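Some structures are shown below for you to check.
What follows is a pair of complexes built around subunit A, which joins subunit B in one and subunit C in the other.
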Partner chain A sequence: MANHSQLGFQDASSPIMEELIQFHDHALMVALAICSLVLYLLTLMLTEKLSSSTVDAQEIELVWTILPAMVLITLALPSLRILYMMDEINEPDLTLKAIGHQWYWTYEYTDFKDLTFDSYMIPTADLPLGHFRLLEVDHRVIVPTSSTVRVIVTADDVLHSWAVPSLGVKTDAIPGRLNQTSFFATRPGVYYGQCSEICGANHSFMPIVVESAPLPNFEHWSSSLSS
Partner chain B sequence: MLASRVFSLVGRRSISTSLCLRAHGHGVVKAEDYTLPAYVDRRDVPLPEVAFVRDLSAQQQALKEKEKASWSALSVDEKVELYRIKFNETYAEMNKGTNEWKTILGGVFFFLGFTGIILIWQKHFMYGPIPHTFSEEWLSAQTKRMLDMRVNPVEGISAQWDFDKNEWKK
Partner chain C sequence: MAGEGDSEPGKSFKLLGFLDVQNVPCARESVLYGSLGSLVMGLGHFLATSRVRRSCDVAVGGFICTMLGYWFYCRYNLAQQRIRQRMLKEGMKNRVLFEGSYLDPEKEQTGSERGDS
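So, the complex of A and B:
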């Protein structure tokens, strides 16, 4: 989860999110360089160190066409690399279905047994001391650590979106359609997210909580629930 | 062949006629102001289409006659007068800054302040109390819980807490 006034990303808990954070740093550096240059030139012009009455300038026109094209390539290549990385064929250890409703999520683990449960937000009035307002749920999504998890996301009524920022996951839940995503939780922990597609009055009140636990703990949990 | 007259900056209307158009029986269309030669003070137009002063007084006409002779015979004041006949402002006058920025900045601050007043009014008269999860007790319990569950342990909050000494890292 984020701090109260956090501006940047949460720490990555999956390799894809690590890549995304690095790319974002790179892109922001490019943006900083461009903005500094523009601000510098603007200052030169406003203080009349640089004429703003130029009417014919073929050479600089060439420069400021070629240079931005190169900058765009510098941005495009890492971006496409990560995009393809996200689509790599991996063999998931677990498949999880996330179904969005108004206004809660249903999770199904049907690989081995029929395990289905709903996940509702805990109302603020019912929160135990120190728990996170608008983020806690009654039943968390438990997944084993260091395992590739495939998530099939869909919705039952209107559009929703299943998002967990620290895992680098955001997938739209569309009625009548199955969207697939996957993640790999590198460390044990609890990761929070919120519904990311406007879906009615309680759109802000159907969070997602993924708990990454070591495999024995996961097995213990899943067998105790479905028996 | 176009027969057109020269116009002063004062902007009296005049009609430019074309002998060819007339000869072929077209009617005379009143020319718009922007199509006629005009005077401008612009850095990138060093030689405007017309002189600034159109109607010369007798004194100025005499000066123009004197201009046809050798220029070294002209005094400095006469040269300046000739300049002022041709041009409205000098480059220095044209490029001079104004105090407009003070007005703009003042306006910006005014509206920022006005917005602030609205926000303060809203907070005082409109909004209800904030959720109970913002109390000191709740926030400290919440922070402890975040550290216990190792939220953001790489560069975030759990990375700034010294778990051995039970205090924030220096």
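So, the complex of A and C:
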């Protein structure tokens, strides 16, 4: 989860999120170079006397055409690489359906047995000591670690969005439409997210909690729930 | 990392307010090498030509080029290292998984050596 006053990304828990953080760092370095240049030029302009004697500026025109093109290529190539990486065809080990309601989520595991449960936020008054306010839920989504999980997201009433920042997942939940995303949790842990599309009075109070557990633990949990 | 530097965990220094040079890999070295390159090129140009304005331009250009040049070089090496780490991790997992079975690559090598002798 995010710490208080955190501005940066949460630690990555999936390969896609690792790549996104790497690209973000790359983009910021390019932005630093551009800002340095702009600051220097600004300082020069403020300290120089203005002149209207320039009639021909072929060199500068060439520079400020080619340089931005190179900057765009530097940013576009890694960006497109990650974009296509996110859309790679993979064979998921598990399929999970996430259905948004006002104001809770319903999860369905229907690969092997019909396993369905609702996930409501735990109100602050009922929160055990040491748990996270406005983030904990009564029933978490349990997924096996190091397994590709496909999530099919939809909604029952209004627009919602299923988002877990540390897994690099954000998918809109649209009534009457099935949106598909997938993730691969590289390590066991608990990952928090929140609804990311305004959906009414309690939009801020329908969090998502994904718990990645080793496969035997996941199997034990699913069999205990289905029985 | 433990034992490295005096910075408290969680504190970061953001250049121009957005680039976290302490926690982003290669950022600190890029900025430092860029500064060094800027100093060397700017000072060298001034000593050679005695033109202040143009030397400043060369210094800024040198800073940007050196910083970005080292950044690409360092990130390329970092990407290669990460790929090697992933291959190593996958190889270790596969070795544990297939040890003793017909898919064990070491068993194939031992079998071929026996065949040659």
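Methods note: the second predicted complex is superposed on the first by the 219 of 227 C-alpha atoms of A that agree within 3 Å, B and C clash if a C-alpha of one lies under 4 Å from a C-alpha of the other, contacts with A are read in each partner's own complex, and residues count from 1 in each chain.
To be clear about the criterion, contacts are C-beta pairs under 8 Å (C-beta built on N, C-alpha and C of every residue); 3 or more make two chains touch, one makes a residue touch a chain.
All values derive from a computational prediction rather than experimental measurement.
Asks: After aligning the two structures on subunit A, examine subunit B and subunit C and state clash or fit.
Replies: Once both complexes are aligned on subunit A, subunit B and subunit C fit side by side.
Asks: Looking at the overlay, what does A:Q10 touch: subunit B (first), subunit C (second), both, or neither?
Replies: After superposing on A, A:Q10 lies in contact with subunit B but is clear of subunit C.
Asks: Which of the two partners, first being subunit B and second being subunit C, lies in contact with A:A163: first, second, both, or neither?
Replies: Neither partner.
Asks: Of the partners subunit B and subunit C, which touch A:M29 in the superposed model: first, second, both, neither?
Replies: So A:M29 only meets subunit C here.
Asks: Given the touch rule stated above, what does A:L37 touch, subunit B (first), subunit C (second), both, or neither?
Replies: Only subunit C is touched by A:L37; subunit B is not.
Asks: May I ask you to decide whether A:S53 touches subunit B, subunit C, both, or neither, giving the answer as first, second, both or neither?
Replies: A:S53 contacts subunit B only, not subunit C.
Asks: Taking C-alpha centres, what angle do subunit B and subunit C open up at subunit A, rounded to the nearest 10 degrees?
Replies: Between subunit B and subunit C, as viewed from subunit A: 80 degrees.
Asks: In the superposed model, which partner reaches more residues of subunit A, subunit B or subunit C?
Replies: Touching more residues of subunit A than the other partner does is B.
Asks: Just subunit B (first), just subunit C (second), both, or neither: which does A:A98 touch?
Replies: In the superposition, A:A98 touches no partner, neither subunit B nor subunit C.
Asks: Closest pair of CA atoms, one in subunit B and one in subunit C, after superposing: how far apart in Å?
Replies: 5
Asks: Take the contacts of subunit A with subunit B and those with subunit C, and give the residues found in both.
Replies: Shared contact residues on subunit A: 3.
Asks: Would you pull the subunit C residues touching subunit A in the complex into a rising list?
Replies: Interface residues on the subunit C side: 10, 15-16, 18-20, 24-25, 27, 30, 56, 60, 63-64, 67-68, 71, 75, 79.
Asks: Please give the residue numbers of subunit A that touch subunit C in the complex, ascending.
Replies: 3, 8, 22, 25-26, 28-33, 35-37, 40
Asks: Under the stated contact criterion, what part of subunit A meets subunit B in this complex?
Replies: Residue positions touching the partner: 1, 3, 10-12, 48, 53, 55, 124, 127, 129-133, 166, 187, 189-190.
Asks: Write out the stretch or stretches of subunit B touching subunit A in their complex.
Replies: That would be residues 43-44, 95, 131-133, 137-138, 141-142, 144-146, 149-157 of subunit B.
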